[in-house]
Amino acid sequence: MVTPLSGRDALDVPGLERLVEHIIAGGVHGIFVLGSTGEAPSLGHRLQKELVERTSKLVAGRVPLLVGISDTSFTDSVTLAQHAAERGADAVVLAPPYYFPADQPELVEYIGHLVPELPLPLFLYNMPSFTKLSFDPETVVRLAELPGIVGLKDSSGSMTYFHRLQFLLSKERPDFALFVGPEELLGEAVLLGASGGVCGGANLKPQLYVDLYEAAAAGEHDRVAELHERVMQISGNIYQVGRHPSRYLKGLKCALDCLGICSDFMAEPFHKFRAEEREKVIEALGKLGFSLGERA
Amino acid sequence: MVTPLSGRDALDVPGLERLVEHIIAGGVHGIFVLGSTGEAPSLGHRLQKELVERTSKLVAGRVPLLVGISDTSFTDSVTLAQHAAERGADAVVLAPPYYFPADQPELVEYIGHLVPELPLPLFLYNMPSFTKLSFDPETVVRLAELPGIVGLKDSSGSMTYFHRLQFLLSKERPDFALFVGPEELLGEAVLLGASGGVCGGANLKPQLYVDLYEAAAAGEHDRVAELHERVMQISGNIYQVGRHPSRYLKGLKCALDCLGICSDFMAEPFHKFRAEEREKVIEALGKLGFSLGERA
Amino acid sequence: MVTPLSGRDALDVPGLERLVEHIIAGGVHGIFVLGSTGEAPSLGHRLQKELVERTSKLVAGRVPLLVGISDTSFTDSVTLAQHAAERGADAVVLAPPYYFPADQPELVEYIGHLVPELPLPLFLYNMPSFTKLSFDPETVVRLAELPGIVGLKDSSGSMTYFHRLQFLLSKERPDFALFVGPEELLGEAVLLGASGGVCGGANLKPQLYVDLYEAAAAGEHDRVAELHERVMQISGNIYQVGRHPSRYLKGLKCALDCLGICSDFMAEPFHKFRAEEREKVIEALGKLGFSLGERA
Amino acid sequence: MVTPLSGRDALDVPGLERLVEHIIAGGVHGIFVLGSTGEAPSLGHRLQKELVERTSKLVAGRVPLLVGISDTSFTDSVTLAQHAAERGADAVVLAPPYYFPADQPELVEYIGHLVPELPLPLFLYNMPSFTKLSFDPETVVRLAELPGIVGLKDSSGSMTYFHRLQFLLSKERPDFALFVGPEELLGEAVLLGASGGVCGGANLKPQLYVDLYEAAAAGEHDRVAELHERVMQISGNIYQVGRHPSRYLKGLKCALDCLGICSDFMAEPFHKFRAEEREKVIEALGKLGFSLGERA
């Protein structure tokens, strides 16, 4: 879930309400806040806690709530996890610490120290392009032995890596949940056994990703191909506006603003699209059949 | 296709004959020599030419023959392409020059100069982990306008990239062939519209990859999942022996030697597996149901 | 300055006192806390503030105190800067945000927004191996126009980059301070005009680095070569124990513990050296003529 | 030395003659052909041999001639080394093979196999940004035990790496020659004990680099600072025109053409500067006090 902001240290509260309702109405099976798409590392600790508190109240147990606790500080990750538990979240999600370049044995030890301190089940979050550090498949196998680790979300974009995890875990931990990050890979991942996906585009059009998941889980190949094509239309039109690597996130937030769902304000180091890019997003939304909201 | 060697500058000629027959008997739709799995950059120019000549005679038109001409020297790429055409090859395959870090406009110009000099149709070969340089999706779209470029083999491992190429080319160049490199991705790529795969494992067990391709092309989801699982068994057992990134290639050549198909000699900077790793490969082959040949 | 810890969320207070006195006694011209060597990103926000408060009291104005405020959250960087100002620090030091991969224009805008919020002069901190993002020389030239930015510490290790900064800034901003990070480069950087260095080894043997700086600033080439050789002895013996990239920091903290100055506890994702590596550090310290303290 | 070309497969023979005389007249202590600045990997094998033959005749023993033999093929490296020896070269220079990502033990074995096949003394060439593979300091120490390896040219740009090599080799192999690649580092490297530099700018203004070397070797700090400043003027003005990473080489060749020394033709994947960039180079040359030749 994106984090609706009205300023760098202020939530867009009405936008948050609309967004949560929009997503749940689309039939999603869970909500993940404070991930990369939620700009978590760019948000102050106070705001992070406020977001967890408000979202938890809004979700009100209708679907599971997962909270990202990735931080370079072990202590601050634990503090946020405790806050999430107190506010009723169902699980926490953690990427490796992303400043110092740790090695795999250091990562194993880090997670080994962390898990006993956590009051909620943990999903690992593999995001090497941002953290510089991947969970090696063998590391995941070792960590999967720890009680309390229930799954992994892989945003590496490498299905070779993903299939290797499936291969290694299928015998030892068939209950270990494997989610794929990039929505462009949702169809094939679920067709070949993934537990699901964590799709940024589900902020925009949750029903589409739910449908794709269900078609893939049911092995309906033709329907998967058709829905995958629609995901690629969103990806190819909304996320490709602008020049910087941040354009995926800027395009997504801009589209949500154009649809009247929530503000497109972004925390530093990013900023929202200017008029020129916004025009392109509006044009793409029209072409894709979205109805623009009042805020546009 | 791997390059069977009896020394760093000598082909294993009987092995080459056995390998070509083994692969064609497995039903493959084409043979690609002098790619990465063929250790092309490690082979001297003389040996490269001998390999093309001998393979062409052995294949004798039964399936199309594709020849890798990747080289840091434009001139030497063209010379090899001419040799390939004279010896009856059907197409050439080219990765970006891999020493100097060129940019996309330089890459477009490079290919633009090269194509008119080539006597055969050209496949692009995207292999960024070895060449440091990817064909950007927008670059491929531009190059696809050139007559003579007929497709692309993507060994990036990124299905996000691959789907983006499909999305961009589907309207303009629906005939543009898109092949996936890593065999772990063959099933899903073809299920979602890829033209096929270029699978190293097809040296070992060509029928399996042909079957997987055909199941995926026919949209037989259950059969794809089953055959994909068998591909992952090979990948997870044969290609994971040893420590270096080169272990995929060492494992593959070792397995071919154990099966009595061809020698496992490797050109520098690599060397064949020693006894310890060979034992593990033999054990894995047994577990996977292969019958070991006389050479083992 | 390293951060003496007695636990992952607790300062080694007596060690901190000894360390500050040791460093000041060595004649340093300033103290920088909460940098990479200070493990800043691994420390919780509460501990960071406590460290600033205690160090400021201990330094008591004898030398300038610089405080690192690098954070992925703009808001939390500003909060820490305000705390530093209230506690009497003299300047703040900031590396680019290190989670999202921002581009240079985004970086310029980020710093442009940040500087007006800061109550103290700002040093930029170039540390691309940890932040994934370098301050391009042209970016530094643009930022140097902003009032409030007084210098840059370069830990890239590239003297080509450093000389390029000197070349570009010498005419426009001859007062802009350029410090070099890696102590192995202190001699040559100052010989060729750098303002100074920020040397981790000065925790261990501050006088040596002060002497090297002064010899270089005076152009005493022979003395520079001799002192540089001693720096290389420390670097080559203390920082090369162990296997991970973290060994520099582990070796440094271990040596400080062996000398009885402060604890070698490290915050996750790192841990202090075990007995085997500690033995090697002790041996190296002996060879280098250090007297081991009671704590060893 | 750059390679003067009149086409992608043709030497600019008169330019080559002028260039060799220009460089020798500047007082250089040796000439290195077929390095990165010589565009070696972009040249066909035939042209490489012609260049060695012609250059050797032109140099005629007045200074030592070093020939780059870097190639991804072991066999072709040896063939070129033999050719160089037959034509009277004095040593060969080799970077690691640059296609397959080898590991350090593979690299050690590769060089161990190669050295006995070489008819001339070998310099190692560290160029990780182009080859993806660095000679680890410990690898250099091991290789330095092999008879026939006489030194290393480091183009990593990291003086930390360079000083580490000096530190490790000074006791075991004080005769092992260490040259620095980037000319911006020549002064400091030689001040702190390097054997010399291999400077691209010496194609343009050989005397300047010879003077800088001699001042540094004599420990004349003020003169080093002054000459270093002039090197930075060339680097900052001639090598920074244009946008791509190739601009250093394009700027250098363009300047040589403007000075009437040799053609600026470049082998693919690069091309010579167009009119706009050429104007900037001419302007910079004027500002730096060069007299433009007839060819400009």
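By written order: A, B, C and D. Residues from 1 in each chain.
Assume a residue touches a chain if its C-beta (ideal position, glycine included) is under 8 Å from a C-beta of that chain, and two chains touch if they have at least 3 such contacts.
Computed from a predicted model, the values in this text were never measured in an experiment.
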Chains touching both subunit B and subunit D, listed by label: none
Greatest separation from subunit B - chain, by CA centre: C
Chain centre separation in whole Å, for subunit C relative to subunit A (CA means): 35
Inter-chain centre distance, subunit B versus subunit C - centres from mean C-alpha coordinates, in Å: 48
Residue list for subunit C, restricted to those that touch at least two other chains: none
Chain pairs that touch, as defined at the top of this document: A-B, A-C, B-D, C-D
Contact footprint of subunit D on subunit C as seen in their complex: 157-160, 163-164, 166-168, 182, 184-185, 187-188, 191-193, 219, 221-222, 224-225, 228, 232-233, 235-236
Residue numbers on subunit D that touch subunit B, as the complex places them: 8-9, 36, 39, 41-47, 72-76, 79, 96-103, 105-107, 109-110, 113-114, 129-132, 243-246, 267-271
